[in-house]
Each structure stands twice: as C-alpha cells, then as structure tokens.
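Here is the structure we will look at, set down as structure tokens.
Note that the chains take the letters A, B and C in the order they are written out, and that residue 1 is the start of every chain.
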Amino acid sequence: MSDNLLQVDHLRASFFTHVGEVQAVRDVSFSLKKGEILGLVGESGSGKSVTCMSVMKLLSHPGRITGGAVHFRGRDLVPLGEREMQQVRGNEISMVFQDPMTSLNPVYTVGSQMVEVIRQHRPLDRRQAKEAAIKMLSLVGIPSPEERFHNYPHEFSGGMRQRALIAMALSCDPGLLIADEPTTALDVTIQAQVLELIGEVRERLGTSIILITHDLGVIAESCERVIVMYGGMIMEQAPVEKIFFDPRNPYTLGLLQSVPDPTKETRERLQPIPGSPPDLLNPPRGCPFSGRCRFAMHICEQRLPPLYEVEEGHQSRCWLLDEAAPRVPEIRKEGAKG
Amino acid sequence: MLRYILKRLLSMLLTLFLLATAVFFLLRFIPGSPFTRERTLSPEIEALLREKYNMDAPLWQQYLDYMGDLLHLDLGTSIQMLGVRVNDMIRNAFPVSAALGFWAILLVIVIGIPLGVLAALKRGRWPDYLISFLTTLGIAVPSFVIGSFILYVFGERLGWLPPGGLYGWRSYIGPVLALGGFSMAFVTRLTRSSMLDVTSMDYIRTARANGLPRGRIVFRHALKNALIPVVTYLGSTFAAIITGSFVVEKIFAVPGMGKYFVESINNRDYTVIMGTTLFFAALYVVMVFLVDVAYALIDPRIKLQD
Amino acid sequence: MQNLWEFVDRSGAGAGEQPRESLTYWKDVWRRFRKNKLALVGLCLIVLILLLALVGPVLSSHSYSDQNLALGNIPPILRVTDLGQGSKIYVQESLYQIIRVTDKGEVLGPAALLKNDTIGRRKVFEVDGNEVTLDYSMVREAGSTKKYELYLNGSKVMGGSKTVLNRSNLLGTDKLGRDVLARTLYGGRISLLVGIVSALITMLVGVAYGGVSGYEGGTVDNVMMRIVDLLNSIPLMLIVILLMVVTNRSDVGIVILTISLVYWLPMARQVRGQVMSLKEQEFVLAAKALGAPKSRIIFRHLIPNAMGPIVVSMMMSIPQAIFTESFLSFVGLGVAAPAASWGTLANDALGGIRSYPYLLIVPSVAIALTMFAFNFVGDGLRDALDPRQRQ
C-alpha cells in the first residue's frame, strides 16, 4: 500500500431493514494515490455513495459495515470508534454532498459554520479561525468573502453554497475529498465552474479526490481513473480514456450507449439499458448485470465472474473475458486489432 | 423591524376593535332583560338599574359610550354584583391566573421540549415508548378530566395535595399539571417528530461529515431547527392555557380569571363576560405577537417585514 | 447438463419482471393502515362505542331520565351488611339511608323510615318487619374512624359485611336515582352525535370555503383569508363560548351549529393550502385547457386529490368537537337537563367527587377512551396516507 493514500479492501456494507439485509456494497476493493482524481460511476442504487459513506463511517442506522478494511494513510478506519472518527472526518477526509441548497444549516451564518469546523480540528482562536475561513472562501472563488462570511445560507445562490461547502470541507486541509454528485443539483454553467474548482483545488492543495457521479460527462471532464459500479460491486476499473474508448464490460458499454455523443455526426439511436437494477435484498447468485445483459450466458446467471485483468490497471468483471467464453468482439479484442 | 411592529400593533388594535363591536351588539340582541333573576325586580328598581347602566339611551349612544370607556381602558361595572367594577375584578384575579399560566408554560417548555428530545434520541427504545404512552394520555384526556382525577386521587384519597384553593406551593401542582398537561404532551410529540425530521436533513449529514461531535450536532445544529415548529405552536399553547383556566380554576376552586369568567357566564353577567373576553383576546393577541418575534429571532429566513 | 458458455435466449418471454399487483389508492391506504395495531384497536373501539351508544339505550331496562330520589347515589360496588334472617342491607353513608338489597347485589328498594332523630343523630328504619337503628352520632367525635353503627331491634349488629357488584344498576345511580349506565350510554349518543355531525359540517364548509379561496387566488383569496385570520386571531373556544352565551339556548342543534360555525376555520386554511399547490399541477392545466368549468375543476379534480389530508383532519376534528362539547357542558353551556352528554355528567359529578367518585370516573373514562380511539385512528390514517411512506 506504500504510496497509496487510501486502500479499500473487500469492503462490505448492508442495511438491515425489517424485510431483511440489503447488501448495498459487496466486496469492493480499490486504492487511491496521493493527488489522484478517481471517478465513481453507476446508476442510483449501484452502491457508489454507500461505499464512500462507509469510508467515512457515516452510515447511520440501519446501515453498517459488515466486513473489509479501509486503510487511510496506512491506518485501518473500520475498527475506529466514533470519537476517533470525528478526528478523521473534516480533518483528514472530507465530503461534500449533492444538494447544496439543503446541506448548510439554515439557522447559522455560513461563516459561523465554517469557524465551528475549523476550531473543531485546529487549535485556533475565534479570530484566527475567522481569518482562515475567509481565506478559504476567497480560495474557492466567493467574491467579497469578508461580507459573505456573515451571510446566512439562504442569501447564497446554489453554486455559491456548493463553493462554500467545498471551502468548509477543505478548511482543515484534508488529504482526501469525497464529492458525492456535487454538481447534479446545479445549473449546467455552474456545474462546469464547480468541476473546474475541484480540479483547481487538487492542483493547488494536492488533495486526492473521489468524485461520485452518474454523469459520464463529468467523469470525462475531470477524472484520471474510473471505477464503474453496479449492484454493489465494481464492474470495471480503468484509466479514463480506456473507459471511454476501450470499455471491456457490457455494463460500461450500455452506459456509454445511453448517453448522447454530440461529436458524432451519425444519428445513432440512444440505447437505454432495458430492465432495472438487481434487488440487493436477494442479490443474484451470478453476475449482478446478467438479467439485463444482452450477452448473458448461462454461467453469468449461476456464478459470479471474477475481475479479469485486461491489461495493467484495467480490470473488468465479465465472463466473456474468460478463455473458455465465446468471442464477442465488443468485449474481447486481443489480437483482433487493426 | 419598527415598521413591522407598528403594523402588527395596528392590526392588533383593529382586531380588538372589531371584536369589541361584535361582542357589544351580539350581547344586546339577547332577548330578555339582563336583570332577570330568580326574583322579579320591582319596576322602579329595574328602571333605576336601567338608568344606572345606561340602557335607556339609543343603541348607538350606548355603543359610543362603551367604546369611549374602552379607550380609557374602563371595562364597566358588573350587572349582577352591583357596584363591582370589571377592572377591579381583573386586577384581583389576573395575578392568580397569570401565576398558574406562567408555571404551566414553564412546564410545557422546560419539561415538554427536553422530553421530546429524549424520545427522539432514544427512538424505538423504552424511554421513547414510555414518553409516547404518556403524551398520548396527555393529548387524549381532556384537562377537566385530568384535573378532576388529580383532585380526587392526590387531594381527596391520598391527601398529598390540598383539596383546592391556592395556599402554598403544593396547591399549585394540581392546577398547573391540569393546565399544562395537554400542551406539554403536544409539545413533547412535536419536538420528537421535529427532531427526527431534522436529524435526517442534509445539513446534519454535513456536520457529521465535518467531524463535529454528536452532542454539538444534536444541541446546536438539530435542536435549533427542530424548535422552529415548536415555537410556532406556542401561540396555540397560550390559547389552550387561557381556555383551560376556565375549567381548571373551577375544579380547584382557584379565585382567578377563569373562575370568574365561568361564573359570569352562568350568571349571564354581560358586562363581565364582555370585559373578560376582551381582556383574554388582548392578552392572546399580544402573546401571539411575541411568539412571532421570537420565531423571527430563531429562523433567519423569516424577515419581519410585510 | 447445460452448456454454461451458451448465450441465454431472450427472444421469447418479455422482460422477466412480474408486474406488481396494482392497488387503488384507498386499497393501498387500507393495506398500510391495517399494519398499525394501535389504529386497528382504535377502529374497533370506535365501532364498539358507536354500537353501545346507538343500541345501548334501547337494550337497557333503565331510562336515562327516570328519577327515583329514594335510590339516589348508589355506587356500582355495594358493601352489603347481613342483618340475619335473610335480610341484607346497604347503608348509604353520606345520606344515612338504608337500602334493602339481596345477596347477589340486586337493589330491592329503600327501607321505610320510622323515626328521624336529627338531634340525637339516629334514624330508625323498618326492614322486613324489624326495627333497624342507624346511629351516626360518633361522626362528631374527634378521632372517630367509624361513621355509623347499626342496631337491630336494639342490639348492636356485629354481622359481617361483604362486597358485591350492583346488579340492578351496573354503574350505580346518580343523586336523582337515575341509572348511570343508561345515562352514560345516552350521553355517548349526544357526544358522538355532536362530534360526528359537526366534523362533517366543518369539513363541508371548510372544503367549500378553502377550495374557492385557494382556487380563485388574488383578491378573492386575500379577502377570504383576511376574514379567517381575523377570526383566528382570538382563541376559538372563546368565540364558541360567546356564541353559546348569545344564543342562550342549550339544545344539541345549537351546540352542533356553534361548534361547526367556528371550527371550519382551520379546515378552510388547510384545504386552501392543498388546493393552491394542486392547482399548479399539469392535470389541472389539462382540464382547464379542455375547457372544464371552474366548479368541475374544483370539485372533480382538486378536492378528490386533496382528500387524504382532509379526511385525516376530519378524523381529528371529531374528538376535537367531542372535547369542545364536553368542555362547554363542563362550564355550564352544553345540553340542558334531562338530556346529558359526557361533559354534563362529569360537570354534575364534580360537586360530589368526595363521596361519589364513580359518577365522575364513568363519563371521564368514556370521554378518554373515545378520544384515544379517534386519535389512534387519525394518527394511523395520517401515517397510511403519507406519500413519503408509499412504496
């Protein structure tokens, strides 16, 4: 795990509802280097948010981690108690969420909420904390931060609030920032600004970033490496250009085909993926995607495929990559190039 | 802010003016003489009384006179207890009722809100069930039933509490519990559900993600937001306590406004009914205004304009 | 053995999904309501109370208004003293009267009073041909724990006493000798009648007023809501009391009318809010675009969609009205004698709480149980209707 900032091993998390155990994250492993931007894609219910909430140990009743390890800077966070996790959250790992309109407490000023977080983690007095907060506000591009410091959240626009939340998350200089759909609730123009800001933050502060999204456009714009999740599992993991130009998983393929590509001249039809995600209360025995996959084989319904190493740094969970499988040109291309 | 207060004061005065007018004319339309009692009065005495109470003047003259007196905060004289001025009655009785009301509201706030928070924090465990049972009891059982039972069980049977009247702190327990019981139960429930609503809010998740300690999240971030609907309800609490005093003071024989009001109703003592009604209304209107100001202080999204 | 590496044939059967059984809105509500145990208990309780109130007075052998002054204030539980020779009596302690009863607790009638010595504090009765003297002179003595002593033909009665249930009047009699059970059942009729009818009127008025106000918007809405605000700016109970004083009559109709006249206010507000948010939705615009008349849009499209919360409010306004009525009766403004509601019964009992607590307990328990039942059902209904819980 040497230079890995974050190392997640065989993480499992479930929600224990009155109808039974919903296995939201099933054996997820990945790692993140210092200063890296990792994209986490998948449709809603794929387990991407739960994975990150588990990393922060923020799952609340009835959800909890059922297995695995989360090593951050070499230390496993899973066995830590609530008190120790409070030292980690906001200080070493921070998180910003989807809806900036509701993510700030409406009854306190933005400034006082920032000062509260700063003083929680850093030995500063009120005045120093205020200075630090104003500095952060200006860093994330909020104009006249001294005045804005005293404003209430409802006096901020949506984009400004997300900037303020990012400022708050970064105020203690964490090693990792997890952004859970940070742009979904924003206007398109604001989205681009916020993404740009996240990129800048990485440049200037060297923060590693996990960007959760269901929007492939966001991934293409800002990530270096991508993990595609489905049914609580990692389906494919690869550098960003491989995902877009050389996907090796039917699910990734389906995702790409369901997004319009404005650069293509041909009036190709968008192909939505038929069916709906698997029921994680009774997860299928085989590949979670087998029920919707157009290449599904009998083995897919019976046995869970392993993660095949397609090449260095590119893995995909699909039986079609097995030696014994029939050759499907979309997925298995070795030797067929050119 | 100042503009808002002025505007509210004006509308309060308008409300009271309209109420006074309505009450005045309504009571004048009741058939029969207000002096009808068990014994019929001799015509001479009735004529004297009519003159004393200004009842021979044309209606509009009576109305103007009454309104003029109101401007001087003079609520007139009782027509059943000769010579007793309504102002004096209120002056004597209100402090008694106000003391009961004060303790009842304190009970609602100081016990009701913490119980609600406790129930929310212990959701689904025995303190929650116990509190929920008690609040259901408090909401479903009317104040006069609670009052009568306290009086019977603790006053008559066990002898722990004095059987009535207001002498010493122990005599306050029964009336205050009966008066505040319903509102306390309601506030507890409201606080509980409001706390639970707030706890699932995004900003609470933000606070947790930023590593704030649990106590700080509950008491600084969740509670203040959860109190917003509770504060809104406080206006209704005043109404509940005013109306509750009618029965509770009767049960516990407390010489307060409520008891006199009910007596004046039973005696058809119209000037007293009118005076106390106006007094209650004015009190309530002022209280609601104060609640609105408190509301704006808690929730910065509310601006005292308009 | 199947070839694992063979593709699955999906050309045939459609998407293997089983369409969920579709439920109508109210069926779905009922399905969720049923899961709430307390609400079900409440519902059963309401049905039971309604049945008792409707059928009870018919079945009861006692009438709610028949008086028998000689048999007043007899409690539901009797302490029977055995005089020997098969004579059993119950001593009415507070009035110093002797009632002839049977072993099983049936009330036979009052014993004839032969002599009343008010100065010597003794009464002489005739029971089955014997002279029974009731001596209560010791109540004046300080420290006396006994309230009276009995003498049969001059000799002190030592015979044991036992406690039995009153068979003739299951819940005892009031001070005028009226059967408490009959009066409570009858009072339940009045209380429930007031509760249900005024809740219905409240709903109709509130829905009409709020519906029009919310739909029209603008000036009409402004004026209509100002009126509501004005009335709402004083405690509603105060208005009810004033109106009751002014009408100066105490029959059930007036009580219902007065309560309905006041409590439509909160309902109107709520309906207005519902209608205002609904009228912006597409299906209303569609109806408008199709040229549907205003009344049709309000009553066919808006109101039915706002029905859920309205029904919950109505459910909650039944106990509210029952409470208001009993409150009015308690301050002396409710239905007049010999008619009775639970509130009047409780009010009448208050004076004698020291000696006859059962007179207060019976109607109080009846009120409390009814309030519980309606509150539980209302809560259950609200939870069942909450769209956030709809899955």
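We take it that a contact is a pair of C-beta atoms (placed from the backbone, for glycine too) under 8 Å apart; a residue touches a chain by one contact, two chains touch by 3 or more.
These numbers were taken from a predicted model, which means no experiment stands behind them.
At the far end from chain C, in terms of centres built from Cα atoms, lies A. The highest number of C-beta contact pairs joins the chains B-C.
As a whole-number value, the distance joining the C-alpha centres of chain A and chain C reads 57 Å. Averaged C-alpha coordinates give centres for chain B and chain C that are 24 Å from one another.
Of all the residues in chain C, the ones that touch chain A in their complex are 2-8, 10, 15-17.
Here chain A touches chain B in the complex through residues 56, 58, 82-83, 85-91, 94-95, 97, 99, 102-108, 116-117, 120-121, 152, 154, 165, 168-169, going by the rule given at the top. Residues 12, 15, 18-19, 23, 26-27, 29-32, 136, 139-142, 144-145, 148-149, 151-152, 156, 238-239, 242-243, 246-247, 250-251, 262, 265-266, 268, 273, 277, 280-281, 284-285, 288 of chain B touch chain C in their complex.
Contact residues of chain A toward chain C in the complex are 274-276, 290-291, 294-303, 319, 324-326. On the chain B side of its complex with chain A, the touching residues are 201-203, 205-214, 216, 220-221, 224-225, 228, 298-301.
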